[in-house]
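Two complexes come next, and they have one chain in common, subunit A, joined by subunit B in the first and subunit C in the second.
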Partner chain A sequence: MAHSRASWRGQGGAQAFLYLLPSLLFLAIFTYWPMLRAIAMSLLEWNLSRPEPVFAGLRNYATLLADPVFHLVLRNTAMLAAVAIPISIALGLVLAILLNEPLGFLRGVYRAAVFYPTMIPMAAAAMLWVWLFNPSIGLVNYYLGKLGLPRVEWLYDMTWALPAVMISWIWKNVGYLTILYLAGLQAVPTELLEAASVEGAGFWQRVRYVTLPFLGPTTVFVVVVSLINSFQVFDAVHIMTQGGPADRSNVLVYFLYQQAFRFWDIGVASALTAFFVAGLLVFVVFVVGQMERGVFYEV
Partner chain B sequence: MRRTRLRSWRLGVAGLLIGLLVTTAVGAPGPRLVRLTFYYPVGVAGPLARVIDEMVAEFNRQTPDVEVVAVYSGDYDPTMQKVQTAVMAGNPPDIAIVEISEMPTLLAMNAIIPLDFYARAEGREWLRDFFPAFLQNSYSDGRFYAVPFQRSTPVLYWNKDAFKEVGLDPETPPATWEDLEDYAKRLVKRDAAGGVQRWGVTISGGWNDWLFEAFVRQNGGVLLDYGRRQLRLDSPEAVEALRFWVRLTNELKVAPPHSTWASTPPDFVAGRTAMLYHSTGILTFLKNSARFPFGVAFLPRKKQYAVEVGGGNFYVFEKIPKAHQDAAWRFIRWMVTPERAARWSMASGYIAVRRSAYEVPAMKEFVTKNPEYLVAREQLRYAYGKIMAPNFQRLREILKRALDDATGGRVRPEVALRRAQEEAEQALGAWLKR
Partner chain C sequence: MHLALGSASLIMLVPYLWALTASVKSRAEIFTPTPQWWPRAWQWSNYVDVFRYAPFEIYFLNTLIVVLGILAVQLITITLAGFAFARLQFRYREALFYLFLIQMMLPIHAVIVPNYLTIKSLGLLNTQLAMMLPFWASGYGTFLMRQAFRQIPAELEEAALLDGCTGLRLLWSIMIPQVRPVLLAFSLISVVTHWNDFLWPLIVTDTPRVRTLTIGLAMFVQQESGADWTLLMAATVMVTAPLLVAFLFLQRRFVESFMYAGLR
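What follows is the complex of A and B.
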């Protein structure tokens, strides 16, 4: 134990650093440096009416905090995470457990079908969803009608635009989560499952008392990945709703894009970026910290 | 023996070719090829990008010393973003068609050059041939910056079959706001569950700020005066106009509260709305797609008939060589000759920007057969310049949010517009005169 730690600190450390250097270089150029620049630019007043930047202190942050649209956007983003993440995790888990059962040759077909949406670029998928959600000729309303449910204006409705975006997001992400859970399921020892069967545990009891506890580490990873994904929603909103009607489906990254590339307010856009990066970092650290307490990694 | 001869023959040809290349590249005096980058949007549905490409190819064939490279850049908003990004990066296009309200923003960025010098060289009659309403968005502080190209006004489309079905005269469109409300009430169709099968009227979203401007003008108000730098989004005339919208969408429920610019023309074609407010630029698309007879009319009046012009203008950019700017002008002048303006109008439904385009024989014959292509031109008598200001995108977003909030029933019209006025005053800042 002591020996291995010593060698880790010694030449092994230098070696590890060398191995990491190429990716560190790229991260520095394309991630850390832009991040620092964004923070620096967030302190400038730099926009269409002031083409030459001047120092503005924290004024851009104050502008953001005073903007009611920013608050609406935060609420929408939080709502998307709070609703869409649990649903997609639950769906991913259920699908993984079902797809882990012996289904014969159909298993491969089902697995491919579930994973397929992950392979389609979101921009292309969003075009499809625009048609699926079309109020008059869309498939979604067609089935709602068949079920005797009221038709919904979906993308053109202040209440339903955000849920429509969520639905497309869940559809897009569930396949990926399913694959992660499927991998996690391979770690569940079969002898424990068999023992449980011998003891008389039914299917759902085995899932609840044997399988789920083993999926802790996978779930931590799944939650973190989903969280990051949910904060980065852009293409679906850009193509399906443009944030509308009246910003009811506007989310952080789309709002950031509007500030930067439509309004050319570089200062405010940079402040938003800094806020976004810091917020996401704090959030992920917090979530991982909280969740890892209840998780054991080794058997 | 034979082989060596062949080889030497080949060598000779190669040498000749190289010699030729060297002389053309260095020695021979010839016209220099100027290569121009040209960004263009297509603001309405339909395969109009192809028409532009064809026209550009024709220009390139006729003009050996200039090559225009046309770059399709999405619809109006993405085009402006592409132009802005290119300008900020110090690599501007030579020519671009940008939405007409963006001129002050382009000026604020020092992105475009005045064109007075070129226009004057064409002679006085050249500029006078353009419809005056189209030139209103071309001037700032008395200088000329923009040549009209794909220009429109909003018009009202109505489905004649739907009119017949509910006992309205299929040849008489609504002439006033009161008519519009009355007709819409009769035209709306609901199923047993109360769901709407056909809206009475659709005032298209997406560019509803543009349509709203027309309603305010019809009611005798003005949202923004560019020359005086004054902004009144919450005038009594504007509030009354928005109340009328909310009456249609929320009280009577004969119009959809929200929609997008691209979704409503297919809705009209599918019979999902009996009347449609949209650009004249979709006329050819509707003609090719609709399976029922439809009409094109002036926007209904309140105190007066009124519309705002719309569409895109040509701009020439700063920070490119003088030779490029000269060549850019030659291209633009070529694109707006009466023949080309007529061709573009027939392909799209946009209004030909010059009077003389309507004297072109092909155009004369075309409009005799298709008189609906003349409605928007006639409406130009009641047309005004479109709202424009530096930071137009933000102003537009603020106004659209107010309109969507109000028609969605979330905020009362007077409150929505008052808030919009406050936000817009802040966004336009020192540019406004108070």
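What follows is the complex of A and C.
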């Protein structure tokens, strides 16, 4: 045993290098190099009026910081994360706990109904919601009217455009979070639940005192995944509102797309990229720290 | 319990069902003041009409090529890298693994601008290759495969080594059969993820010839500018149908894969 281990340890370096090479090649070209290049490009003035890039120092960053739209975009992105994530986590958790109960053949039906939006492209899901949110013939306004609530212009409304995007996002993501929690629930020992029942604990007491304490690691994971997803919202905004009205539903990646591919300002777009990457890296270092501490034992 | 789950399921289903009925309605029936769940006359011709305005059959084919092209290369790169991280000893192993993790956490959305310029200078704009290249290495897939290879008992490997089975042959005939369920789980997730890709294909294409379904749908929406809801909903249903049908038939597989390997 010791002999065979030692024998491949010797050649391990060369072999490992060959095995990692294909991945490292693509990672280098499409992940590491672009990160560095974005930082370099962020120091250039490079846009429609100056097609040949010249050094501009930190001017792009200054432009960005002085842009009120950028502040609005950051606020919208933070708002989306702060409102949509807790709601989808709460819904996902409750649905998972319910779906984990013995339900007979209907469990498969419920599970499919909750999970199927995960299979739908966000672009298509956004289309479904554009149709539902139609101010004059949309289903949402029809039922609001039936409940005696005021009708809303939704995607054309300064206040309601962003919530409309959030609703479509929650609808699309909640099934996925439910499945993650269902996976987490498998870690709860059934003996403990049975013991609690014997002791006379009701359904909600069992959930509160037995199930929830076991879901800590899953919740950390779910929050991380949701945050990363929420920073990347693009498809829904592109289809539903184009960031409007008056940038009230504009978010980070959509703003980046506008700077680069609508206004062709590569310098400012690169400054934005550098800012985005730096933020994510700080976040990643934090998450990796959590991983080291073993929170991710299962995944 | 059934009441709560039943109403939740209903709320989740309504958006899609409402699109389904709209997709087979006549244009006049869309504008009734009270919503009609059951179309009076089923107009299946809406689905045919969609093809007259946009080449969805080409979009479908392109999507298939891109999704399978990404998956085929990914399976090779993540198996090799995952195996190396799990079973080989080499210097800087931990540090290199963190480099892979960075890609797992850093979404491609963050670096679209430099990547676009790279693709442009390679002369690859408007190709299917451009839509696949950035995904050919997967930090996440590598992470999954590393976990899977780690769980193979050392005795199995040692027995194979004693028989003189080493290198790629060891990987192919002894190790890969052990991790097949994980490869399948990753494959399903990869297919769903890239079937649904939007921003990257949007940026690197501008002709219908190479476009995928999601981009085709977005273009169709712009071109119709929301005028004809029956056609828009028929197109939306068509774009979603292939994966939803697969999901209906393989529900357990999909759910288990996402349970096992939740992150994309």
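Just so we're on the same page, the second predicted complex is superposed on the first by the 257 of 299 C-alpha atoms of A that agree within 3 Å, B and C clash if a C-alpha of one lies under 4 Å from a C-alpha of the other, contacts with A are read in each partner's own complex, and residues count from 1 in each chain.
To be clear about the criterion, a residue touches a chain if its C-beta (ideal position, glycine included) is under 8 Å from a C-beta of that chain, and two chains touch if they have at least 3 such contacts.
Nothing here was measured: the structure is a model prediction, and the numbers come from that model.
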With the two structures laid over each other on chain A, which partner does A:Ala82 touch: subunit B (first), subunit C (second), both, or neither?
neither
* To do: With the two complexes superposed on chain A, say which partner A:Val282 touches: subunit B (first), subunit C (second), both, or neither.
  => neither
After the superposition on A, what does A:Phe261 contact: first (subunit B), second (subunit C), both or neither? both
Next on the checklist: By the touch definition at the top of the document, which applies to A:Leu48: first (subunit B), second (subunit C), both, or neither?
Outcome noted: first
* In the superposed arrangement, which partner chain does A:Tyr156 touch: subunit B (first), subunit C (second), both, or neither? -> first
- Query: Of the two partner chains, subunit B (first) and subunit C (second), which one does A:Leu180 touch, if any: first, second, both, or neither?
  - Reply: second
Between subunit B and subunit C, the one with more contact residues on subunit A is chain C
After the superposition on A, what does A:Asp247 contact: first (subunit B), second (subunit C), both or neither? first
Taking the superposition on A as described, I'd like to know which of subunit B and subunit C A:Ala90 touches: first, second, both or neither.
neither
Is A:Leu58 touching anything from subunit B or subunit C once the two structures are fitted on A? First, second, both or neither. neither
On subunit A, the footprints of subunit B and subunit C overlap at residues 134, 137, 261
Listed in rising order, the residues of subunit A that touch subunit C in the complex are 1, 4-5, 7-9, 12-13, 15-20, 22-27, 29-35, 37-38, 41, 95, 98-99, 101, 103, 106, 108-125, 127-132, 134, 137, 139, 142, 171, 174-176, 179-180, 182-183, 221, 225, 228, 231-232, 234-235, 238-239, 253, 256-257, 260-261, 266, 269-270, 273, 276-277, 280-281, 283-284, 287-288, 299
Note: in the complex, subunit A contacts subunit B through residues 48-49, 51, 69, 134, 136-137, 150-151, 153, 155-158, 242, 244-247, 258, 261-264
Subunit A partner, complex, touching residues on subunit C are 1-2, 4-6, 8-10, 12-16, 18-19, 22, 30-31, 34-35, 76-78, 80-81, 83-84, 88-91, 93, 96, 98-103, 105-118, 133-134, 136-139, 142, 154, 158, 161-162, 166-167, 192, 195-196, 198-199, 202-203, 213-214, 217-218, 221, 226, 229, 232-233, 236, 239-240, 243-244, 246-248, 251, 254-255, 258-260, 262-263
Per the touch rule above, subunit B residues touching subunit A in the complex are 77, 81, 84-85, 88, 105, 108-110, 193, 195, 205-206, 256-260, 263, 267, 270, 272, 390-391, 393-394, 397, 400-401, 404-405, 408, 410, 429-431
